[in-house]
Each structure stands twice: as C-alpha cells, then as structure tokens.
Amino acid sequence: MARTVTTRQKALNTTLAWAIGLLIFFPILWTILTSFKTEGQAISDPPIFLFFDWTLENYAIVQERSDYLRFLTNSVIIAVGSTLLGIVVAVPAAWSMAFVPSKRTKDILMWMLSTKMLPAVGVLYPIYLLFIKLGLLDNRWGLVVVLMLINLPIIVWMLYTYFKEIPGEILEAARMDGATLREEILYILTPMAVPGIASTILLNVILAWNEAFWTLNLTAAKAAPLTAFIASYSSPEGLFYAKLSAASTMAIAPILIMGWFSQKQLVRGLTFGAVK
Amino acid sequence: MGRITLDKVTKRFGDVEVIPPLDLTIEDGEFVVFVGPSGCGKSTLLRLIAGLEDVSGGQIRIDSKDATDLPPAKRGLAMVFQSYALYPHMSVRKNIAFPLKMAKMDQAEIDRRVDNAAKVLNLDSYIDRRPGQLSGGQRQRVAIGRAIVREPSAFLFDEPLSNLDAALRVGMRLEISELHERLKTTMVYVTHDQVEAMTMADKIVVLQAGVIEQVGSPLELYHTPRNKFVAGFIGSPKMNFIEGETAAQHGAHTIGIRPEHLTASATEGLWKGTVSVSEHLGSDTFLHVHDTGLAESMTVRVGGEFPVRHGDTVYLTPEADKIHRFDEKGLRIA
Amino acid sequence: MATQHSRAAARIMMAPAVILLLGWMLVPLTMTLYFSFKNYLPLRGGDLGWAGFENYTRFVTSSSFWPSILTTLIIVGGVLFITVVFGVLLALLLDRPMWGQGIVRILVIAPFFVMPTVSALVWKNMFMDPTNGLFAHLWRAFGAQPVEWMSQASLPSIIIIVSWQWLPFATLILLTAIQSLDGEQLEASEMDGAPALKRFWYIILPHLSRAITVVILIQTIFLLAVFAEIFVTTGGAFGTKTLSYLIFQRVLESQNIGLGSAGGVYAIILANIIAIFLMRIVGKNLDN
C-alpha cells in the first residue's frame, strides 16, 4: 500500500488516536499524579492536574505504615519464582513437542491448554484444604507452585511456538556435525531461542504478578503479595486517595515497564498462536 | 573410502510404506543423483542414509561396515540441506568450524582447515559475517564449506539449489560439479529437476513412489528408458506419447518420440497438424502442434529459426530409429 | 528428525510437565466431585454423610442461582460487546498512518498490565466515588446530581472497569490481525471499485472474524472467572454476584463445601463448553 498520505489525513488520524490513547491511559496517569499530591489536594474540586505541591510523603507513609517492601518482596519471589520454575519444566517439554512431534503431540498441547481453562473457584476448596494439610497456607513457596502450575500451559505453549520457528534442519545439521543431544540444545537451540525464552519469562512474570484469585485466597499476613496489599485499601478510614495512589503506583510501575517491553510478544502468548 | 550399499532397505511411516524393499549400491567417488517427482521418497532415502531417520527394515552399509543403527554423527557423512541450515547466531567461521569443534579437534588444525575451505570456496571476504548478512549463493557456499572441512567419506545434498534463482542455480551447479572433480569424493544428490540430474550425475537413480524405476548414466536413461515414466521424466521438453493405431503399426501399445527427433516441414511429411503455439528462442524453435490425430498436442523441437505462426499447417516426420516402443504395462519393448 | 533414540529422549523430557499438570487437574477435580456429593460443613459438624444429588439440586434451586447466572451473562456479554466493537474501531484507527504510533500503542495497551485489585480500587474511589470521585466533580460541574456508581449502577460500573482492563487485549490482537491482512487484497478490491465501507465489510471484517472469535473465547474464559474486581468493589452486593462469586461465598464465607463444590462442578462444565470451541480454532491452526 505504498501511497502518499496527505498530511491532513495523517494529522487527523494522529489527533484522534492520541486523544483516545490519552483517554484510555488517563486513569493510570491520574493515579500517578495523585500519588504526589497531599490528601487535601487529591480530592479538591475542581481537580488539580499539575499545579499542586508535589510531595513524596505519601510514598514514605505507605512504606512506613504497611511495610510495602515486605509485600513487594513476596510479589517478586512469587512472580519470578513461579516463572523460572515453569521455564525449567517447560523447556524440555517444548523441545520434545516442537522437534520430535508424535501423533499425540497435538492432543497433549490441547489438553494442557484445557487445564488452564479450569475455573479456579471450582477447585478452590480442595486446594485450600490441601494447603492446610501441607502447611502451605500463607506460604510463599506454596503460591510459587500454584502459580507455576496455572501458568505452565502458557509457558509451554509460548516456548513451543518459538521453538517451532527454529527450522528442524538446523538441529539436524548439528546432529550431522556430531553434536550430542546436550550439545545440540546447549549450543544451537538455546542461543537461537533466547529472545523467545526472554519474552516468555517477561509475560509470565506479568501474569503471575497480577494474579488475584489464588494470591488473595491463599495468603493472610506473611506471604501476601501486592495484590493483597492493595486489596486492603478497599475498606479504608479517612482521606486516603493520595496514599492509595502511591501504593498503586508502586504496585504497577515495575510491571508496566516490563509490559511495554513485551507488548510485541503478548499476542502470541495470550492467543496460543491462534492469531499471528 | 565412500561406498554406500543399501540392502533391502524399507521405510514405513505408521502403516504407510513409503519405501518398499530397495537395493542400491553407490560406488566410491561416484556422483549419484536421486531424481523424481515430489513425494517420490528421494529425500526420505537420503535421510535414511544420513541416519536422520530410522530404517524400518534392511541394512545400510558404508564402506562394507554396517551403519544401520549408527547415529548420524558416527557415519562419516556430511550433509548440505535445502535451507542450508546455517547456525544464525554464529559467524561464517564458527559455522564452518562447528563440526570440527564437536569432534574435539585442536584449534590449530581447525583454523587450518577452515582457512583452507574458505580459500577453496572463495568465502574469505565474508568469513566474519553472520549468515543473516549473506546472499543465497554465499550461504550455499558456507553450507558446502561446513561439509567439506570434515573430509567426509561422502557428501549428501538435499535439493541444495532449489532456493536459488535461476541464474545463480546454473553457476552453483557448475561449482558443485567442479568440487566433485577436485575432491573425487562420493556425492549423493537429491533433486526434482531432471536438468540438474542430467548435467551433474555419473549415475542417476529415478524414483517414483519409493520404487527405483531405473538406474543408469544420464545418456543411458535418455537413449534407453526402461519404461514410460523414465522416458517422460528425463528429457526436456517431454517426450511425445502416441497410442492407438499408429502405435500398433510399430507393434507397440504406446510409442514415444522426443521433440528433437521430429522434423517439421511446411510442405510435406508423415503427419499433418496445426501450429497452436510456437516458441522462438533463437537457438531453437519449439512448436506445439494440435489436430494431428495422434495425441492432443505434439511438441517439436526445431534447431534454429522456423518461421511459422499460430494456425499455420505443419507436417511432422519422426526419425524412424529414434522411436521408443512400450507395451500395455508401459515397459520398453527392446 | 525422528529416530527411536530422539523419541525416547523426548518422552522423558516431556514427563515432568505432563505429570505436574495431570496432578494439578485430577487431584482437585476428584476432590471437588467427591465433596459435591457430600453434606460437608466444616464449621457445623464437618462431614455429615452422603448427599446424593441434593447439593446439585439445592444449588440451582437457591434464590441466588438464577440472578447470579443473569449477572454473569450481563457482565460477560457487556464487556465482550464493548471490547470487541471498540477494539475493532481502535485497531482500524491504530493501523492508519500517524505520528507517534508507537507511543499511542503503549498508552492503549497500558491498562492490561494494571493489577486487577489496583484498577478496581482506583476506579471505585478516585473516579466513581459519589463525593470525591472525578466523575462526581464532573457531574457537579454540569449541575447534575452525582451518581452513586457502586450502589445505583453497580453492574455498569463493574462492566466499565473490566472493559477498561480488557479493551487493550482485544485491540492488540485485532491490530495484529489487521496488520497481517494482505495489502494486495485491499488494492485488488479497490481496483474492483469497492468503496471504503464495503471494503471494511467484505474484506477486512471477514479477515478479522477468526481473531474476533479468538478474542471472544479467551475473554469469556477469563471473564467468567472475574473475581478481584467484585471482591474489592461491591463484595458481591448490589446485584453483582456472579456465578464464580456465589461459589466463592458458599465455599469460603458460609463454609458449605458440598454446596459450593456442586456449584464448582457447574462452573467447570460451563467453562468446558466454551473451551471446546476455543480448542477447535486453536487446533485447526496447529495443523497448518
């Protein structure tokens, strides 16, 4: 479609798209701005956009009062831990399915996908009970395992689609060149799949970070991650908008940045390769 | 050094037998081409020799040693793949050195061999680039380089030229032939292009549905095709086949005449027809003649220029001693 | 590729993932099925014996069941409608030439990365609060009476919040699909004299139909399980109790495990029906 677009048209597109983009982004922007206001300015009518007394005190208060760092640590451990554990389990499985496909490979992939569709409430009590029995309730490692399991199908699928793009002939060439299976995976497959593995990690950290069913239901005080930390603001007392905003900003900032980096890979990971 | 023997080799994928029991001997130093239409099993056969697929039955011997159950790396063969299969994250130098590194060769020897291969194949100027920065022809050379450094007992080529454009293909064809002249190593080459087969091979193996139709030198196949399939597959343009009464006159079910063995005349000849399309190449003229009453369309090759156009009447006469005769089963009648 | 050697290796390397997921699926599922046939009240006597299908009939005949189904359908349907319609429009817009396309994309995609508890609370308090929320300020600025969103318009509020979270997902996938449309096809239709609206209707929309189906199916699966957005806003009050939330309440709040498990089985069946359609599409794509 190489065709010159008139500047007028382009300007029109640009204006419309930016207006809608900013509108969609506005709640996030507003949260970030509010986090730097005083509580009084946060609720002022008419609202103040930029010309307020910028302050960092909300961040200090949030950290002091509710020990933000502990929740953050839990979130990091749960999100990163479950993802890395998932990768370790999924890489060999995805290698097998991509390069040594059998008649059942497709069925196995489909079945894995189907486990992801099991509604969480349907199995809430059994998991709850098992966690009590195993002493894993309100335990970070228990959540690492659960989130690894719920995201494992996505990890396997993403890696599978990335591995699939590596031509089998290259691995065969390595085999002809005398590489053992270990050398083949180590020297040829892994270096070629680094971008795919990286984006798989990124997306799954995001998904695990934002997971808000199991993290809310299986934790209390000790292992609660940021999802639960924010949920504790649902019945607050007094003025709290600025503090809520500061807490929210801290909870979403790391993931927002990671998300922006991984947006290109997002589609593949979330549609199981059904949209390219 | 590189004698490959296939003894009753079969291959089944599930219930489908893609290669029924097959015997073949490839002599040391020979350039053997497997040729056939797509899906004829030629690539599968090559992969069986390479060890990339298990045989379902029979034995593969390389230099009279049983190699049937050896892993690919232990067979002493090198392979050039259709997609070249270069390692994209390694430089050309590292690509070529990879098999030597896997063989735990010492670095000085690796460098010597890689430099030597680079010189032979003229890839000095891009030895430090990555495959992604190379043209198709250059990639092809690197793939060949990676194969020759190992000094294998035989080279296997899987349709190596099919990804190149027509002009480059002719050039690479010559280069591979020259390489064979120089190295005198056994080469097994798979292609669907009969021109490649005719120009490069010492011995052609024509395959159809996993079955060897004929084995022979290019000219043997051209002059005495064993059956209609080989007759139609080898030679360009394709052989004309005539059935019915005309064939019966020659005591055959079908007779075949190559386009170059028909003479065309505007005034007189054995068979009369109408020119449908005439293709003027300068060196040759190809006529596609209809309404001869023999076959739907007859192709004639006339040397030089032959001034006819669509709709003109033309007379064809076959060279009597160049007529191929086939029985009902399509087999050659001697 | 496939020799016996590599096939054996493949089986071993696949085992951990398969075994883990099999356990994760079968153990809780069996337990849920088991409990669903039990009279099980941990806080009121514990296991009170077998119940037959009583839990199943009680769950569907309870006064909260049909309203919860209706609520679920309204939320899922409303969000799907908004995200698909606006997703298509937004994707079409983002596909056009403009300045700063990359930045606009980032702005549009951002809500997807916001944790559900954060987005629910930010919307509930800073936008929809009837005294201090931005909407209240806006309403007052025009002299109108501010809406008490969470109680008077609880379902639309939740639909707005959830749509805001999922619109980026729909847009991104539909944009990817639009960009994969063969430019020559559009040019051909232009040569054939099709005006813009007809081109959209006969070329672009059919091309998007598969992507739209995928968006609908995947979102449905996630939307049926919407939890945090209700948990931190209305807590299931004001007619926002979905099927998932009802089951959650039966299990954790009233601790009637048998009844909740029977509801869980219903939810699993429902999700599986949708899953089958999604799998068909994904499966077809695997073949080519």
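Read from first to last, the chains carry the letters A, B and C; within each, the first residue is number 1.
Rule of thumb we're sticking to: contacts are C-beta pairs under 8 Å (C-beta built on N, C-alpha and C of every residue); 3 or more make two chains touch, one makes a residue touch a chain.
Computed from a predicted model, the values in this text were never measured in an experiment.
The interface with the greater number of C-beta contacts, when A-B is set against B-C, is A-B. Among the remaining chains, the Cα-based centre furthest from that of subunit C is the centre of B.
Remark: the per-chain Cα centre closest to the mean position of all protein Cα atoms belongs to A. Each chain gets one centre point, the mean of its Cα atoms, and the points for subunit A and subunit C are 16 Å apart.
Subunit A and subunit B have Cα centroids lying 53 Å from one another.
With centres defined as mean CA coordinates, subunit C is found 56 Å away from subunit B. Shared interface positions of subunit B, defined as residues touching 2 or more other chains, are 52, 71. Residues of subunit A found to touch two or more other chains are 172.
Among all residues of subunit C, those that touch two or more other chains are 1-2. Contact residues of subunit C toward subunit A in the complex are 1-2, 6-7, 9-11, 13-14, 16-18, 20-21, 24-25, 27-29, 31-32, 35, 90, 93-94, 96-101, 103-119, 121-127, 132, 134, 136-137, 140-141, 164, 167-169, 172-173, 176-177, 180, 183, 186-187, 210-211, 214, 218, 221, 224-225, 227-228, 231-233, 244, 247-248, 251-252, 257, 260-261, 263-265, 267-268, 270-272, 274-275, 278-279, 281-283, 285-287. The touching residues of subunit A, counted against subunit C in their complex, run 1, 5, 9-10, 13-14, 16-18, 20-22, 24-25, 27-28, 30-31, 34, 43, 45-47, 89-90, 92-93, 95-97, 99-102, 106, 108-115, 117-130, 149, 152-153, 156, 168, 171-172, 181, 206, 209-210, 212-213, 216-217, 226-228, 230-231, 233-234, 240-241, 244-245, 248, 251-252, 255-256, 258-260, 263, 266-267, 270-276. Listed in rising order, the residues of subunit B touching subunit C in the complex are 51-54, 71.
Put simply, subunit C touches subunit B in their complex at residues 1-5.
For subunit B in complex with subunit A, the residues that touch the partner chain are 50, 52, 71-73, 77-79, 81-83, 85-89, 98-99, 102-103, 146, 150.
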